[in-house]
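Look for subunit A in each of the two complexes below; its partner is subunit B in the first and subunit C in the second.
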Partner chain A sequence: MRTYILKRLLQIVPTVLMITLVVFVMMRSVPGDPVVALLGDGYTEEDAIKVREAYGLNKPILVQYVIWLGKLCQGDWGISILSGRPVLQDVLVRLPVTLELIVLSMGVALVIAIPAAIIGALRQNTWADYTATSVAMIGVSIPEFFIGVLLLLLFSIGLGGLLPSSGWVYLPGTCPMMVCGVSLWGNVQHVLMPAIALGVGRAAILTRLLRTSMLEVIRTEYVTTARAKGLAERPVVFKHALKNALIPTVTVMGLQVGFLIGGAIVVETLFAMPGLGTFGIDAIIGRDYQQVQGFTLITAFAFVVINLIVDLTYTFLDPRIRYA
Partner chain B sequence: MADSGESFGMRTRPISGGSTREAELPGVTGVAWPASVERSESPLAQGLRRFRRSATALVGVAIVVALILVALFADVLAPRSPIASDQTRTFQRPSWDYPLGTDQLGRDMLSRVIHGSRISLAVGVSSVLLALFVGVPCGMIAGFYGGRVDTLVMRAMDVILAFPIYLLAIILMVMFTPTAGLIGTMKVTAAIAIVRIPIYARLVRGSVLSIKEKEYIEACHALGVRDPWILLRHVLPNCLAPIIVTTTLGIATSIIVEATLSFLGLGTQPPTPSWGWDLKANVAFIQANAWLSLFPGLAIFVTVLGFNLFGDGLRDALDPRLK
Partner chain C sequence: MLLGLTVIPPAEAQTPKRGGTLRVAYGNEILGLDFHTVPGYEMIWVATNVGCGLINITPDGKFVPDAAESWQISPDGLLYTFRLRKNVLFHDGTQVDAAVVKFNIDRIMDPATRSSMRTFYEPVHSVEVLDPYTVQIRLKHPYAFMMHMLAAYRMGLVLYSPTATQKYSLEDRKAGKPEAVVGCGPFKLVEWVKGAHLVMDRFDKYFEPGLPYVDRVIIRVIKDPVTQMAAFKASEIDFIADFSADHVDTLRAQNPRAQIMTGKETTPMMAMMKVTVPADGKPMSKDRAPHPIFNDLRVRKAIGCYGIDRKEIVKIAFKGQATPWLGIIPPGTLDATDVTHLCPYDPVRAKALLGEAGYGPQKPLTFELMTNTEKSVFSVIATVIKEQVTRIGVTANIRLVDKPSWLITTTQDGSFDMYVEDLASLLTVDQNAYLSITTAAWNHSRHTDPKVDEYYARYAREMDPAKRKAIAREFQEFSADKLYWNTISGSPFYQVAQPWMKGYVYQAEFKVHYKKVWLDK
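Here is the complex of A and B:
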């Protein structure tokens, strides 16, 4: 097991390197030049050459990548061409917002999905099951931003501005800057709608998967045995059935991470949140090479690590699975 | 030679995945299998019967058919031009003249929603087909030949899969530079197709790995049937069921991805009407004109729902094991 984890941890490095290299090359083949945007109206060919030299943009792409990598090893994520700020600082400022959003949305997903799936599976083909599966079907079919719009209509406009439609207030103790809005209630108000918008879709997918695998597991012999030996329904459902039913579900949730990143970008854009999602999309559209690299690095890293965690969860859920 | 596999009585129990072989070749059946043999209902017919019994699947089909009709006859159905603006009639509330109101440029929302179906359907369907036409052969060759070919193809797929799907799609769109019209639509299609190729390659490779060990494939080899023919005639039909299901459900996902790219401003550019773009553009006016972003969003929802119901029904019908 330990060698397996070590092997997987070592695999993270080449994967992240490959993703960042591919993005590096792709971004530099994008038409348009950040230098032109930076110089704006006062653009002259001489200034452009100077700026390119200052940022090392005149060197061959692979050389630029190696330089970027070398600096990264020293903890230097580079300096944004357009804003002039260190990329690492911006990433760190925005990371807590996105982390909170993603963690809470996964929480929303689990809180909805696990009871819905259990009820659906235990009371198969009753009205409760039909309701759960229909709602899940609807949830799978609504894009995050439309749920967001519906929530905006309901809570920001319909109920007289109960929840703010945009912006962000930090949790006490997490303010990464000199000055920022800090309040627990304000934070809850700001994160509620985005977390629900992002979580509902996940909840729907989770419900469908979990209900199907619960149905399979419940018909297995060891569940019948557990019931036959007089075990109460609760431990049968939670300890015997749910734990085993979670295995295929966890796999798919791991695959969903790629979609979750897209969802975070969209939801942060809709609610104008100062998170990594808006940071990334602004950087990509503005062709801010250094920021894009920073964004890619942290997303790729998160993506790979989460997939590793998913694989390791198997051994917890099913001790029969052993990684040699 | 061509049908040697069957004429040697190699037809074993049909794969429960639902082979469509019989249905495609009605003329051959009489030759290959003596008419005296009582034939049970083909898997496809069984599947169709199961599909017809499912009310939700039929609702899905109805939605999909209606959408295709709307997209095909958009010019006839739309009361006005989707791109003609009328500065004197901006932000009209829904009325008889403008059933869904007008946007900030005075464009008729109903016409925009109707025309928007074209982009959604075109991108949704063609991106999946493109991914299918690249991914399926890749997966078949990788699975069938194994060895170095397999490693090479699947490593290439792993490179794409290593990316979070949206990150890759967004950067591809920035690379392609989004534009309006047909070219713009083709760019979005290509971007979505690229990120979805590995799904089909992996799916098909998995099926082929198990199918190629079956006796009837061995019989083909023994009879000297050439590889391309084995792949097309004997392997492909037996992995069709999961491909069909994944394709239908994949269209739903692709439509969401397209809408998301449009929402981020990276889809087909205006003036070409696109639901995602319309929704985003009108969110700015949501305070006073709530209905504007409501209708494009509803359109996306209904479309995706239609394909999801259709795909779910197909899955239950074609492959009960997957249920």
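Here is the complex of A and C:
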């Protein structure tokens, strides 16, 4: 097991590097660069050439990448060309917001998906099943921003500001700035709508998947045996059926993290949250190469690590699985 | 000259209350906080609160003291002498004096600074310190807009503390380190965390007694207008500094007591046509060749003049809340002249001109219409133009790109036929020079007509306002005739405030000052 984990951890390095290289090359291949935005109204071709030289943007792409990588190895994530701010500092300020959003979105998804899938599987082809599958289908079909706007209209405008429409309040002890709103209840209020907007779509996918798995598992012989020997329905469902049905669901949950990061860009923009999503989209739109690299690095790393954790979870769900 | 009209009720009748936090929403991110080099209105709206300048301008165009208490202009218009107040301090406690003014203007004029304001200081010969509180600016030639430039071009001269500027790097100022961004304005910078907020606190030693009224200003970026409206409705914000014209009616319906401020448009909405292309294929080359379509004046007039129905565009894209306009200067700018009647919508005449230029059913004209994703209204206008030119047998293929792609294409002489965009907000005709003289990087049409440069030079050096107005009129008629610069309409600008926000004076994009704002709650 230890050897397996070590191998997987080592695999993270080339995977993340490959992703950063691809993004590095792609970003420099799209039209536009930060220099035009940086110089703004005062743009002249002569100044642009000087600025590109100053930031090393006139060097070959691979040379630029190697320079970036060399600095990264020394812990230097670079400086934003546009704002002059250290990239690592901005990433660390924003990471907790997005992490909390993603974790809670997944929580929302599971809270909805698990009961809906169990009901759908145990009461197949009844109104409860049809309701669960129909709601799941609707959830898959509606984009995050639309759910977000509906929530805004309902809770922030319709119900007289029951939930705050935008911004962020930090959990006690986590404020990364000089001036912060800090409150547990405030944090819950601020994260609720974004987490629901982001989680509903994932809930729909997980519901459909888990329902199918549950249907397969409850027809297996060991479940029939469990019932035949007189085991109550609750342990049959939760201990025997659900645990085994969760394996493919957990796999998909790991992959869904990628979608959650993508969705976070939309949801954070809509709710004006100071997270990594808004950081990433601003960086891409501004062609702020250093920030894009920072965003890519952290999200790629998070994605790979979460999928490693998912793989390790299999051993808990099914003790027969062993990693050598 | 009016900078803008406002529907905000007069607050002066009430006694201002001190204290409280003003919560502001910006629609775009602040790009950085080096006031002399970083672009963007959002940065400037911070700079004019953290910083102070020599003079200021009122909504009706009068110049009023800021750090300078008085000034004199020599009869020949070459010497501007400013007498400074003696009680103006920077936030680091250092004194604002004549040497500070010289330091700042020299910094802007230094090519190494790469300030976007450098172009405005072209008429300046030198800055001299006459005594600790008297500074004199010597010009190379008379310049009618020296005071406008100091007060409001790119929102005006903002003074930085030389001590802090020399101690900290450009990167520190861009990044918004509070100890590096030291001004002499009513608010001192406390913190800027990009994507989260910018916080400014009252500067207790501000030179205007009793000001500012609020203790703190917190600026957050809320990009989505729906979220802005929700935050406004829920009273989470007091002021939206730049509100989308598309959503004004909805916000008004939801908040009948909201103060919705607007005025005459000072930003032009353009359908720019490219006139020349690099003959040698190198961007920005001085060796120019005619653009294959729009170098022909007959085609420019067929499409841009008679083939575009400006009223219909305004009706559809702005719900009628903009002014159809043709002149090179938008309706709210000093000395603007309405020359829109020179280009009435006339599809028959447009078709005839196209026929003269060799286009018709046998040789249909097709061109590329580029626009960008920054504002949804651009795409709407492009779509209406596409539909309108179809009526005269022309095909416009819309190319939608993001803002950086648009910027790089236009400023680097890239390939496009026509684009839709709104450009900079203009206080004067003169201010437009850097966007349209032959040598300007922002001369996106890449016209090469020296007459345009001559008009700007004559206008800027004419000291008689009446004669200047006549030159402006002649220039706008010339521009409408040549269509190097094809305006569609003005671009409306809105600001929104809660009913309890008092004392704010609307000055369009030019000035966003919070020093006299107070909260009546």
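Methods note: the second predicted complex is superposed on the first by the 318 of 324 C-alpha atoms of A that agree within 3 Å, B and C clash if a C-alpha of one lies under 4 Å from a C-alpha of the other, contacts with A are read in each partner's own complex, and residues count from 1 in each chain.
Criterion: a contact is a pair of C-beta atoms (placed from the backbone, for glycine too) under 8 Å apart; a residue touches a chain by one contact, two chains touch by 3 or more.
This is a predicted model, so every value here is computed, not measured.
Bringing the complexes onto one copy of subunit A puts subunit B in a clash with subunit C. In the superposition on chain A, A:L184 contacts neither subunit B nor subunit C. Of the two partner chains, neither subunit B nor subunit C is touched by A:V25. Legend: residue contacts after superposition of the two complexes on their common chain; A:L152 is shown touching both subunit B and subunit C. In the superposed pair of complexes, A:I285 makes contact with subunit B and with subunit C alike.
Legend: residue contacts after superposition of the two complexes on their common chain; A:I142 is shown touching subunit B, with no touch to subunit C. Of the two partner chains, neither subunit B nor subunit C is touched by A:I49. In the superposition on chain A, contact is made by A:I265 with subunit B only, not with subunit C. Legend: residue contacts after superposition of the two complexes on their common chain; A:T15 is shown touching subunit B, with no touch to subunit C. Legend: residue contacts after superposition of the two complexes on their common chain; A:I5 is shown touching neither subunit B nor subunit C. Note on the chain A alignment: of 397-405, 415-423, 451-459 or 469-477, the part of subunit C that runs into subunit B is 397-405.
Contacts of subunit A with subunit B, set against its contacts with subunit C after fitting on chain A, overlap at residues 30-32, 149, 152-153, 157, 165, 269-270, 285, 287. Looking at the complex, you find that subunit A touches subunit B at residues 15, 18-19, 22-23, 26-27, 29-32, 137-138, 140-146, 149-150, 152-153, 157, 165, 212, 257-259, 261-263, 265-266, 269-270, 280-281, 284-285, 287, 296, 299-300, 303-304. Taken together, the subunit B residues at the contact with subunit A in this complex read 56, 159, 162-167, 169-172, 174-175, 177, 252, 256-257, 259-260, 263-266, 276, 279-280, 283, 286-287, 290, 293-294, 297-298, 300-301, 304-305, 308-309, 312, 323.
Subunit C contributes residues 29, 31-32, 34, 37-40, 114-119, 154, 170-176, 190-191, 193-197, 199, 218, 220-224, 226-227, 229-231, 233-236, 254, 283-284, 401-405, 407-409, 411-412, 424, 434, 441-442 to its touches with subunit A in the complex. Of all the residues in subunit A, the ones that touch subunit C in their complex are 30-34, 36-45, 47-48, 50-51, 79-80, 82-86, 90, 93-94, 149, 152-153, 156-157, 160-161, 164-168, 176-179, 269-272, 274-275, 278-279, 282, 285-287.
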